[in-house]
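Each of the two complexes below includes subunit A, the first together with subunit B, the second together with subunit C.
After this line comes the complex of A and B, so read on.
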């Protein structure tokens, strides 16, 4: 295993550039999640790393080797495919041992490596099964074992959990993470599920429209998003533009003279049915008065849509509330993500579903 | 409201209409069977006939005399059978050598003039057979290919390539490109990948196309007649000569021999032709 260094990478199909100046370093033994909406270029980035999409500019270093111009088979960066791409005409052992067979390793060596990997991914005794006879979770593990068999410099995983059903997904998620810690492989995992990224990755890179918007630890990304897109994508889907010109809103921030974009999560909006007291708590950054529009049961709580003027704000609450109940929302200062408005961000705001 | 008496009457009526349609079905099935198997029955009777004269509905003498004649190692039939099989096998080989690489290349979307190349292999079928083969025969005279085995194999291959190319393209198109990527990703070069991953995936379709070519070659008459005769005698040519001479027994037995591989291979094709591959035909 070695570190991966991507420098000023540009890649795309034909004349259409999908990746725009990507810079990213994955340290040895680190797992980075590429997180982004569909079509943001995260799978293209993996394909560029593996040599399936031509690199038009920039360089990729696996360890100290520059690999961007090498053919796919010389890169030693292996991939776990979204569809697993296991070969149906081979057994489990043949699938896993394929890479070693290509390298002309000795039969005994292949067998010992295959049985070692089968025990790592907990599939002992299945070596002579056809892969078509396996369940989704088992296929996933065969794909992982196959990619690890040749001891790659870097392992990349392309939405490895998206084809599994919800329950299996949770267990495989932890297994992959545990394996990654145990074996210490350098890896990049692509996902569109923010929870998956938070749980599995050491660091997260948020991608949007072919650019990396922010790189950081899961805590940094979650608590301190550096721009509106990241805040919104990480679940802070309540958005208001300040000033709102509406008496129902009152903001208590130190620097709210400039126009602001404010984001916060529904779980941070504390809802109360009492009318607002004359003086609010010092820590409360934002107070909103409104009426209940809709209440949806979410299992452990209710998500309540609160209508206030032209905005609809989502808030979590432990009780069901009838429609049109007057309520007050309080959001603590440290749960508010405020961004100074400028021209650059105007584009993002147009795309917001939650805005208005 | 339906009273019991009414109900019984209704049932009776139902049974009568059921019976009527049942007998109608029987008649249709019988007619269809007669149309399908009548000629074959006639053929089967001829194979076990020793003498059969005009006014009689059935042969006057039954026997296997002609079978012995046909399967005599020195007869024309066993010689022609061998020639037919040899030509068919070699035609399959030639067609596969061309259509495996061509089918793989044409299955890739990035191939320039893809549709043009595929249509090119249909062109020999677009013209009347006779004109095409007569011109081929004229051309082959200049190269000394007339009446030779290679000449006949080339003619059969031109005909067989139409099937083998189109079916091969379908077979290669229905393989998952991700399987190829996975192989390259694990360090295998393009050739290793082709032989270990792509070819086994496409094999069922390629086997089906082999069988089509084999059967087409075995049944081919016009091309062999113009290019091969009189030196090359295949079973269809023998059949033609036998029926022209009024030797219906030999002709019928030859036809029966030609029927065996067809039926055998239809069963195999049924096993290998996957529906998802048929849906890729011509895509």
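After this line comes the complex of A and C, so read on.
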């Protein structure tokens, strides 16, 4: 395993550029999640790394080797595919051992490596099964073993869990993470599921329209998004444009005079049915008065849609509330993500540093 | 009213297939049975093997020739159509493969008789191909060789059937999940290795279908041996036409038909057995 270094990478299909000047370093033994909406270029980035999409500019280093001009078969970067991509005419052992067979390894060596990998991915005893006889979770583990068999410099995983059903997905997710810690492989995983990225990755790179918008640890990305897109994508679905020119809102931020884009999560909006709060509530960043529009049961709580003027705000609450109940929402200062409006690189207000 | 009709139809589902069954019966099964019957009976209706004996005595060389021609054609066909389909699927040069994908389909729309006529003017001793060689100074008019004869028949069969079998095979290759090929590539496999170890084992059933159907087509073509063959030995279809046109001898012609039917049926049986074996193994 080696570190992966991507420098000023540009790639695309034909004349259409998908990736725009990507710079990224994956340290040895680190797992980085590429997170972004559909069409943001995350799969294209993996394909460019593997050599399936030509690189038009920039360089990729696997360890100290420059690989961007090498054909796919010489890069020593292997991929785990969303569709498993196992070969149905081969047995489990033949699938896993194929890369070694291509490298002309001795039969005995192939056999011992295959049985070692089968025990790593907990599929002992299935070596002679046809892959078509396996379940989805088992197939993806065979695909993982196959990709690891040749000891690649870098392992890339393209939405490896999205074809699995919810319960299996959780267990395979856990297994991949445990294996990554145990074997220490350098890897990039593509996902559009923010929870998957938070749980599995050492660092997360959020992509949008072919650019890396922010890169950082899961905690940094979650708590300190650097721009509105990242905040929105990481689940801060409530958005208010300040000033609102509406008496129902009051904001206690130091810079509340400037136009702001404010984002916060529904779980951070504390809902109460008490009398409306005064505007001088110094312990809260944002206070909103409104009426219940809809209440939806989510299992562990209710998600309440609160209508406040032209805005609809989502808030979590432990009780069901009838329609039109007057309510007050309070969002603590440190749960607010406020961005100065109309500035190219909006500065994220360090919420805990805001004076009230 | 409508309800009763549909209920009636549901009670007698056989009605639904009656038109199709009738067509097959009248236009295919009846002539086939009649032809087989004619091959093994005398005019008075008594069973005999004399027509078959006569067919073998007169035409065993041609039967053998037919089998050899068809087998050689089908072998060349398999190699060429796999090569073209593999180039289309695996080649990194997109514009080249697009041109190839367009060109290989052209013979699909040209009938056998036109193909045969084309090949006649192309392959003859003073035909287009030799003239081109002479004009370019590669050959003198004395050195030219006519390809009319067995090699011409093979060239025509391969040229005409190539489109059909490549269409089937490249379709089967395109239907494979692209990530299967990518997975092999990033494990270090070359394109040639991917063709033989990943793609071909998965498209063998389609290859079988393409080859069996091509054999049946080649066995049934009359125009090509008549126009490109040089007389003796020739293919069985030419002999059948000769028996009927020159002697009005339908019995021996049908006996030859029975032989050619048996050859095709034998191949179909072999193919089906292989197919079932593979399915059983799965």
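By definition in this document, the second predicted complex is superposed on the first by the 337 of 356 C-alpha atoms of A that agree within 3 Å, B and C clash if a C-alpha of one lies under 4 Å from a C-alpha of the other, contacts with A are read in each partner's own complex, and residues count from 1 in each chain.
Here, a residue touches a chain if its C-beta (ideal position, glycine included) is under 8 Å from a C-beta of that chain, and two chains touch if they have at least 3 such contacts.
As the structure is a prediction and not an experimental result, all values here were calculated from the model.
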Touched partner set for A:130, first subunit B, second subunit C, both or neither: second
Touched partner set for A:83, first subunit B, second subunit C, both or neither: both
First, second, both or neither for A:296, with subunit B first and subunit C second: neither
Contacts of A:99 with subunit B and subunit C, given as first, second, both or neither: both
Subunit B versus subunit C as contact partner of A:72, first or second or both or neither: both
Touched partner set for A:178, first subunit B, second subunit C, both or neither: neither
Doubly contacted subunit A residues - partners subunit C and subunit B: 50-52, 71-74, 76-79, 81, 83, 85-89, 98-99, 102-103, 146-147, 149-150
Residues of subunit A touching subunit B in the complex: 50-52, 71-74, 76-79, 81, 83, 85-89, 98-99, 102-103, 146-147, 149-150
List of subunit A residues in touch with subunit C within their complex: 50-52, 71-79, 81-83, 85-89, 98-99, 102-103, 130, 132, 143, 146-147, 149-150
Touching residues (chain side subunit B, partner subunit A) in the complex: 176, 178-179, 181-189, 192, 196-197, 200-201
Subunit C - residues contacting subunit A, complex: 177, 179-180, 182-190, 193, 197-198, 201-202, 282
